[in-house]
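What follows is a pair of complexes built around subunit A, which joins subunit B in one and subunit C in the other.
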Partner chain A sequence: MENRPLEYDYTVAKMFMLTTIILGIVGMLIGVILAFQLAYPGLNLMLGEGLAEYTNFSRLRPLHTDAVIFGFTLSGVFATWYYVGQRVLKVSMAESRLLMVLGKLHFWLYIVVVAAAVVSLFAGVTSSKEYAEFEWPIDIGVVVVWVIFGMSMFGLIGIRREKSLYISVWYFIATFLGIAMLYLFNNMAIPTILGTAADGTSGIGAWYHSVSMYAGTNDALVQWWYGHNAVAFGFTVPIVGMIYYFLPKESGQAIYSYKLSLLSFWGLMFVYLWAGGHHLLYSTVPDWMQTMASIFSVILILPSWGSAINMLLTMKGEWQQVAASPLIKFMVLASTFYMFSTLEGPIQAIKSVNAIAHFTDWIVGHVHDGVLGWVGFMIMAALYHMAPRVFKREIYSKSLMTAQFWIQTLGVVLYFTSMWIAGITQGMMWRAHDEFGNLAYSFIDTVTVLHPYYTIRGIGGLLYLVGFLMFAYNIYKTMSARPVEERELQNASPMGA
Partner chain B sequence: MDIAQLQAYGYFTLTIVLVIALYSYIYHLYSKKKDVDGVDYESYSDMALKDDLDDTPVSPKSDEKEK
Partner chain C sequence: MFHWLEKHPFFFAVGVFIVIAFAGLVEILPSFAQASRPVIGTAPYSTLELAGRHVYIKNSCNACHSQLVRPFKSETDRYGHYSLSGEYAYDRPFLWGSKRTGPDLMRVGNYRTTDWHENHMMDPASVVPGSVMPAYRWMFTNKADIDTAFAEQLTVAEYFQVPYNQPVPMKDGSSVVVKMGSSVAEANAIALEEAKAIAADMRDQDVKDAVERGEIPEIVALIAYLNSLK
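Right after this comes the complex of A and B.
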């Protein structure tokens, strides 16, 4: 037997870092194509009439959303879990052969499900539920992957040396439980081959098609309970978990108030699940439910800002680090965008504001300042922090990182400002009428007016993608950069010029 | 009382109970300052800052102490 000192084992974390980057590039590239298709509809035919089926907006759109949500973000969540989990529990995956097998199985089955999802969505096979497009065979695959993730997570917690669970672990557990519950209930469906039509015919449609167990208003309610909480448990909870680890660790500062982090956690858990109904304001769901969703959305500011302010205050007295380190810049801006979009969301959920905002580009703008500014920045920061530690090499280039930061920040700003203007313009034009109540504009009038803003949005998205490619290159080059000593890895990450 | 009324009362009661629970939790955290193991909540930040495999855990699992 070799007598080497025990080390953390980052094999699985590295695997998921790779998919975070690859699926991030794929998802964001498709997003940029979609943005330019909206500005220049001719791009729907960019590969000619023959391939238009595969290149049109409606075929590509679920590929964009699912690639960035279930590809980029979830891979980032998995990568950070397999890194942070070991460290805060003070136990190495190398200590358990079972955990290593589960971790690798988790990764490879995830790859199989991703491949199946990409192929089926390109082929146009979809259950037509937004962010839940996968048909039942893929859904079963997703559930299997998720259960293995859970076994892997609780297995590691089970053999920990640290008795208490660090706040990030609470958030990762909440992610696991929340998504499990949401995904199962929203995807309840009956394969059509099991059904019988009114005229007695059975075995209808292809074997992989299914119909939802819910219909009409009930379907809408379950769908948005799912849809909004996918934002909660996919885009908020695990990302808060990340920042609670990576910002204190990188800056060397203890969390400003650990008590506040516990409090914000329970506040977020309690409030978030009730807010999904704000997607259905002015629809056929009961009025009290709409009001409740509005109220809970506004209350949601408190736990969200609790975490965000806690992070900003963690930097108290250490703001020179923000100027000095591009890595800290990413995290502080992520936290700031988190505050910003968790203020914007509740404002949009107020009924009178929603009367203008509903169905407009302002909503798209809101989603993207959240995901680009908060989720994307935080995941990239996490990978930047992890890279020197898992590869035992300094980050390849600090100046490239700084340039990336500013390019992407400009991209996000262009994205959300153009969508604000577009959205509010749209909302005002749709409702404008003359003194007899006739609508002042037809739909195409709004399309013409919005063209410049759609172009700006496309440019904003392109800048973000360019920054992401710089990130991918920087991480790739890090793998062959200057090796670092253990002492260089205490807090601030070592970076090359 | 019909089902809708029951639901409404149930929902209202649940909200009040959860609000009381949350505020009690805040009161508990800030008045006690320490958890049942006598560890100051704020020292749990060290779980991230001192997270090397050979760092001492903030509150080790009891079976680990014996080794």
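Right after this comes the complex of A and C.
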């Protein structure tokens, strides 16, 4: 009894691994369709005139962003929490019946909310706010799911054996708190069924419709305080938490510096929230806020690079692992893309650069080198590390994994380079004047010029999707085809040929 | 201190929350203390315009079109006067957008007409060769939701004191009164009155017939909204 390791319960982790993969495929597939619709507008009618309303770019666009953010990424966050949480807290979920019930409830309610969200977005029921499109009934569902996630998380922390919280747990706690605060304040709205007509009638119109608590400039301010930091607490904080666990585990190396992790955690918490206003430069938001947002965006390089450098230095003396293990490749490239993306963002937040970059495809490129290169790679790496331990089988194919790595890397590079060129080209053309001081280009000139870049971007996205399907296949085969491992390995994940 | 926090999850969470909430307190609260007031010439949306705004939102027009003119010569040349905060006083939600796949629409009512929009929504490339915008033909048959627009008017009038049925000052010194119905039937009648004026400038016979029958297709509401953007 004394020396036997704890048996962890991965039931809930497995469920969320499944939704990570399925919603990842859905979100990325819609993304590829959208990319090609911009290059070839005929694709808006891909299912015929009758279904045009539902296959149209504008109807699909929020589905893409929300499927990737709240489907793929959040599922990945939940899956890794239900795996990492138990292991770093040294407690099994099976030890508490309540925690098992909460975990399963968390999953099934999440599925219900996802289904409702898909139906409502296809129907065009949206508040228009980016990444906060859901109307109030779904918002309430989101809050319930989030509260259950919190109860499940703090419940596990409450019965932990390891008293000190590992770095990853800090980040998961911050994810919970950050999203809770942001989501609640940004989605404040009054349902319009509360409006009463002069003749006493109320409950008029669509029951699910609501009107924002904030108007105009204030609404924009709250929305981008949310929008930017939903990215922070959905795409950065939990993913950093993941890499702090999975990279040391997989490589067998200790974290390079505890002090650096302290500095980058508390620094990130303090600085990130200020930067939201960089989405509103040159808008009608007060000037001092724009300047603060710009300055803090640049300061944000410090905590971001702090984490990324900490990760890269963790590999010190063990760089041969990058060549040997595709899983280490994924994580090293993820932290490199994190550095890249967190340098690019602050550059775009400088006012004079933003004057050109804002409203262009360069911003789209920035989002995607972060999400494809950093978030996507890290979540896939996490699932690859978890699979042999959760399913007690070695990974089906190492060579498939390596091929996937290179295909997706090529995809990401094609994506962001084409969007850089597209964005800067368009930004420069919008502002070009001829020798008489007239605008040099009509708007449509700045659209048609982008066709080749939109095509290249579509191909980049398609390559990434192909790689993701290879990932899904590899995980599926791992679950079903490989021999059972008798004993869990300490670090490097066992892989087939 | 950090070691202690790492052993006490509750205080750790409180600490994190204070640190992340700080920026919001400093940045967002002062702005709310001085909520933007409408500039002279900004009137609330009429019932039909609001229904059109809902069509705009339903189809995520804001995914590709901004409504924010930045204070640069290249933008004021192309779109008109740069945006003022007070012009958005009745925008719930704001529709600034974050991407210009198509041009800004902040003042599109100044330089596009009803028949231009009609042709454009039916077949964008017919008026803008090379356009990548999809057609929105279902708007010619789907019916606009006037009831919900009316409910929204009632809600904003009640909770945010939006001045319906009151004189609103215009730039030329005159004033206008934006009417809000006292019942669902009256609201629909007001909207239909506006819709008839729009339909008179349209070519599509089915749309004209629908309005004649007392129905309002989405396209009519959308055009009313776009024409109001000035």
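Before moving on, here are some points about what is shown:
Going forward, the second predicted complex is superposed on the first by the 474 of 497 C-alpha atoms of A that agree within 3 Å, B and C clash if a C-alpha of one lies under 4 Å from a C-alpha of the other, contacts with A are read in each partner's own complex, and residues count from 1 in each chain.
Definition applied: contacts are C-beta pairs under 8 Å (C-beta built on N, C-alpha and C of every residue); 3 or more make two chains touch, one makes a residue touch a chain.
Please read all numbers here as calculations on a predicted model, not as lab measurements.
Counting the residues of subunit A that each partner touches, subunit B and subunit C differ, and the larger count belongs to C.
By the touch criterion defined above, A:Tyr8 lies against subunit B but remains apart from subunit C after alignment on the C-alpha atoms of chain A.
By the touch criterion defined above, A:Ser127 lies against subunit C but remains apart from subunit B after alignment on the C-alpha atoms of chain A. By the touch criterion defined above, A:Phe270 lies against subunit B and subunit C together after alignment on the C-alpha atoms of chain A.
Look at A:Ala497: by the touch rule set out above, it reaches neither subunit B nor subunit C.
Of the two partner chains placed by the overlay, only subunit B lies in contact with A:Ser168; subunit C stays clear of it. Judged by the touch definition given at the top, the superposed model places A:Ala323 against neither subunit B nor subunit C. Looking at the shared chain after the overlay, A:Lys90 reaches subunit B, while subunit C stays out of its contact range.
In the superposition on chain A, A:Thr448 makes contact with subunit C only, not with subunit B. When the two complexes are overlaid on their common chain A, residue A:Leu262 makes contact with subunit B and with subunit C alike. Of the residues of subunit A, those at positions 163-164, 262, 266, 270 touch subunit B in one of the two structures and subunit C in the other.
The part of subunit A that touches subunit C in the complex is made up of residues 37-38, 41, 44-45, 49, 52-53, 56-59, 61-62, 124-130, 154, 157-158, 163-165, 170, 173-174, 177-178, 181, 185, 190-199, 201, 204-206, 209, 211-212, 214-223, 225, 262, 266, 269-270, 272-274, 276-277, 279-280, 282-286, 289, 292, 296, 355, 358-361, 363-364, 430-433, 438-439, 443-444, 447-448. The part of subunit C that touches subunit A in the complex is made up of residues 2-3, 6-7, 9, 12-13, 16-17, 19-24, 27-28, 31-32, 35-36, 54, 57-64, 66, 68, 70-75, 77-78, 83-85, 87-103, 125, 128-138, 145, 147-160, 181-184, 187.
Across the complex, subunit A is touched by residues 18, 22, 25-26, 29-30, 35, 37, 39, 41-49, 51-55, 57-62, 64 of subunit B.
Those residues of subunit A lying in contact with subunit B across their complex are 5-8, 87-88, 90, 92, 160-164, 166-168, 244-245, 248-249, 252, 254-255, 257-259, 262-263, 266-267, 270.
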